[in-house]
Amino acid sequence: MSVVLSLSGVSRAYPLPRRRLLGPRPMLQALSDASLTLSAGETLGIVGESGSGKSTLARLVMGFDRPDAGRITVLGQDINALPAPELRRLRAGFQMVFQDPFGSLDPRRPVGWSIAEPLLADPALDAPTRRKRVAEALEQVGLRPADGAKFPHQFSGGQRQRVAIARGIVTRPRLLVADEPVSALDVSMQGQILNLLSDLQAQMGLAMLFISHDLALVAHQCDRVAVMHRGRIVESGPVAQVFSHPRESYTRSLLARPETKSADNRELVNNTP
Amino acid sequence: MYKIRNLSLSFDGHEAVRSASFDIPRGARLGLVGESGCGKSITALALLGMAPASARVSGSIEIDGQEMAAAPERLWRSYRARKVAMVFQEPLSALNPLKRVGDIIAEPMRLHLRLDRRAARARARDLLVEVGIPDPEARLDQYPHQLSGGQRQRVLIAAALSCDPQLLVADEPTTALDAHVAGRILDLLKRLSETRDMALVFISHDLEAVARVTEEMLVMYGGDIVERGPTAQLLADPRHPYTKGLIEARPRLDALTLRADGAPRPRLASIPGSVPALADLPKGCRFAGRCPIERPACAGLRPAVSVLGPGQRQVRCLAPLLPAKVPA
Amino acid sequence: MRNLPVSLWIGGALVGVIALAALVSLVWTPQDFATVAVSERFQPPSARYWLGTDQLGRDVLTQLMVGARNSLTIALVAVGLGGALGTALGLLAGAKGGWTEEIVLRLADFSFAFPALLFAIMLAAAFGPSFANAVVAIAFINIPVFVRVSCASARQVWQRDYVLAARASARGGLAITRDHVLPNIAAIVIVQATIDFAGAILIEAALSYLGLGVQPPEPSWGRMLSEAQTLLFLAPQLTVLPGLCIVATVLGFNLLGDGLRDLADPRREKAR
C-alpha cells in the first residue's frame, strides 16, 4: 500500500512566558522525535491526554506550524521544503476535520461557500463545477444539496460536523486529519459521524489520522494506534495488539482507567493528581 | 428529603422540563442522564431555586416538608449551602481568581455558620484533607490558578461541603478534566456521599461516569424523564428505546479490542436525526420522529409511565422494550 | 423588531432628526445662511425667523441646519478616512503578527498618547485653519483607536478553526482577511465608528469654537457658541441652541453605538 503520510524525527518546542523579567524563556517540548507512517485506506489513531502533544502533531501535519527538527512527508513531498505555490497545490490532497463544529465554520458564510473554499485554490475549476462538487459532497455526507444555502447556525451540532466533513472531502483528498471529530457532539450523534467517516474512508480509500483522547473510540475506529505521552510516542502498533497487550506502563495506566474499572478509594486519597 | 412533583419549567410556553416527579431520599445517589437540551441542567438549578428568571416554574418542590417551588429568594438563600450545594462543570470559572483557596472555602462558613476567622480556617483545612488535597496548610494560601484542574475541582467540592449540605448537586463535574483525573473526582464524590450520608444528584451525559457513581438513575430526553431505575439494571437492560440507543451509540472498549487485526470494523448503532430544538419538540412522546419502534400514536400522545416488575423501574413509553435475555 | 435595544431607538431618533435637518439644508433653508441684516438682529421667534435671529441678523434655524451639515460632513469624512486607514493597519497587524504587529501597535500607542485637540491646533497653526485641515486632524487622531480595535478582533478571528480550515484550503493571507476576518470584525468596527463619530462632532465643535475648524461665512455649531458667548445674558438662546444640538448629536451617536453593540453581541443571537 502506498504511504500517504510519514513523519520522521519530528520535534517542536514552544516558548513559554518568562518567569522573571529578562530571565531565560522556558520552552515547552510539545513534540519530541515523533516518527510514524500512514498508508492509503488505513486509520491511525493518536491517543493521549490533553497536553500530550497530539494536537501539535495535527498542526504540524497540516502545515499550520513548522517543526524545529524532522521531516513531514505528505504524498511523497516534504511539506516544509516545498515552495509556497506547490504546497498550495498539494493542499487539496490533505484536509482536516476539527473538533468543534461551531468554531470550524465561518458563521457569516453559507455552508455551501465554506465547503467550496478548498476548491478556490484550483483555477481549473469554474463556478458551475465547484457548485456541482459541493452538491456531491453534501450528498456524500448525508445532507441535501439545498442545505448549502443555509448558515451554520441553522444546523444542529451533528449536521454541522457533516458539513465540516463535506468540506474535508470536497477536494477528494488522500489524507484526512480528524482531530477529536466527535467529542463535541451529543452521544447519540457520535455513532452517525463515526459510521460516516468509515463509509467515506472505504469509498475513497482515504488515509485517516484519527486524534482522540477516547480509547474506546480509537479502538473502534482505528487499525493502528500511537499512544502519546508528554510529547512522545511511547507505544504504537495494531490496535488489538497495543490495547490487549500493552508493553508500556503508561499505556497500561491509560487502559486501566476509571472509565472501565473502578479504582481503589484508598489509592485516591494518597495519590492525588 | 426532596420530593419533586409535576415540576415543569417552561420558556415562552415551551416546556423544557415536563412534569417531572422524583424523590431524593437522604444519602441517595441519583444520576440525571441525557444529552444537551434534555432539561437535566435546568432541573438541577431548580433544585437550588436557581432556575433562570425567564423560566416559568410550576409544580412542587418539597424540601423536608417545606414547599419551595414558589418560595421567595430569601428563603432559598437560607437553604443553599446548608441544605443543598452545587459543584459546577468548569472549576476555573467557578472559582474567583482573586481569592485564596482558604477564603473561598471559609466564606460560606463565615456567612452561614457565623464562624470566626480561625475556626473557619481550621474547618477549611479539614475539608481539604477530606477531599484529598495533600499539604492542605500550604494550599489554603494559594490562588486557584496555582492548582491543577483536578485540585481546583476538589477545592470547589470542599467549598460546597463547607456548610454540611444534605444534598450535593454536581453538574457535569468532570467534563473539563482529563480521564484519569475525572475518574478520581467521581470516586471522591461517591465516597463523600457515603461517609457523610449526603444525597448526591449527579448530572452527566456520560453513562460510564453515572454507572460509576450512582445507584439510581433518571434518563431525560426532551424535558421528559423517559426511564428510571437502579443504575446497574437500567444499563444492563434498558426498556426505553432512547436509553438503549444511548447505550449502544458508544463503542465499548472491552468488546472492540477483541476485534482481530484486519477484521472489518463493526458499525456503531446510532440514533437517527438529532435532538430537536425546544420549540420543535413533538407534543406526544418527545422521542417521536427518532424512535426505531415508533407507532402512529406516539407523536400525538404523551405516553403514561409504566411500572416494570416489582417496583423500582419505570419507563415512559407506549411500547417499552422487552426485558433483555440475560444469560444465567 | 420589538427586540431592538431601547438605546438604539433613542439614539437612532436623535441622529435621524439631526441628519434629516442636514440633508434638508442641502436643498432648502428658511433663509440664506450668509445673509447679514443688522437691522433684523436679535429678533424673537416668528413666522419668518422660526428660532429668531442672532447678533448679525442671521436666521438661527438656518445656521443650525447648515451647521449640522458641516459637522456631520467633517465627522463622516474624518471618521471614514481614519477608520479605513486604522482598520487596514489593524488587519495587517492582526494577519502578520510578530514584529509587524508590534510596530503598528506601538505607533498607534504613540499617536494615542498625543492629545487630539493639541494636534489639530498644531496642524492649523502650520497649514492654516481650514475645513480640510480639520478633517485631516480628526481623521489622524481616529486612526489608533481603529488600529487597536480591529487588530485585537482580527487576532481573535485568526485563531478560529475556520481560519485554520481556510489555510488548509490553500487560501492566502489576503483572501482570508477579505473573506473571513473583515466580515467577522465588521460589526465591531461599525460600532466603534459610531461612537467615534460622537467624539469627532465634539472635536469639530471645539476646533470651530477656537476658530480652527469651519471658516466663516460657513456656519458651525462651535463657532455659533463662541460668537454668542459674550451675549450669554443678553440672548441666552444663541448659546443654548447650538449647545443643545451638540449634546443631542453626541448623545445620539453614543446611544446608537451602544445599541448597535448590544445588537452585534453574539450572546444576544444565542438567546433567540
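Letters A, B and C mark the chains as written, and numbering starts fresh at 1 in each.
Simple rule for what comes next: contacts are C-beta pairs under 8 Å (C-beta built on N, C-alpha and C of every residue); 3 or more make two chains touch, one makes a residue touch a chain.
Just so it is clear, the structure is predicted and the values come from calculations on it, not from any experiment.
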### Message
If you tally contacting C-beta pairs for every chain pair, which pair wins?
### Response
A-B
### Summary
Outermost chain relative to subunit C, judged by CA means, is B
### Centroid spacing, where centroids are CA-atom means, of subunit B and subunit C in whole angstrom
53
### Rounded Å distance between subunit A and subunit C, as computed from the means of their C-alpha atoms
48
### Task
With chain centres taken as the means of their Cα atoms, state the distance from subunit A to subunit B in Å.
31
### Task
Using the touch rule from the top, collect the residues of subunit B that touch subunit A in their complex.
35-36, 132-134, 148, 150-151, 154, 178-184, 186-188, 191, 205-209, 212, 245-246, 248-254, 256-262, 265-272, 274-275
### Contact set on subunit A toward subunit B in their complex
49-50, 156-159, 186-192, 194-195, 198, 213, 215-217, 219-221, 223, 238-241, 243-244, 253-255, 257-260, 262-263, 265, 268-269, 272-273
#### Entry: subunit A-touching residues of subunit C, taken from the complex the two chains share
160-162, 164-171, 175, 179-180, 183-184, 269
### Message
Quick check on the complex: what are the subunit A residues that touch subunit C?
### Response
62-64, 87-89, 91-92, 94-96, 98-100, 103-109, 114, 117-118, 120-121, 153, 164, 167, 171
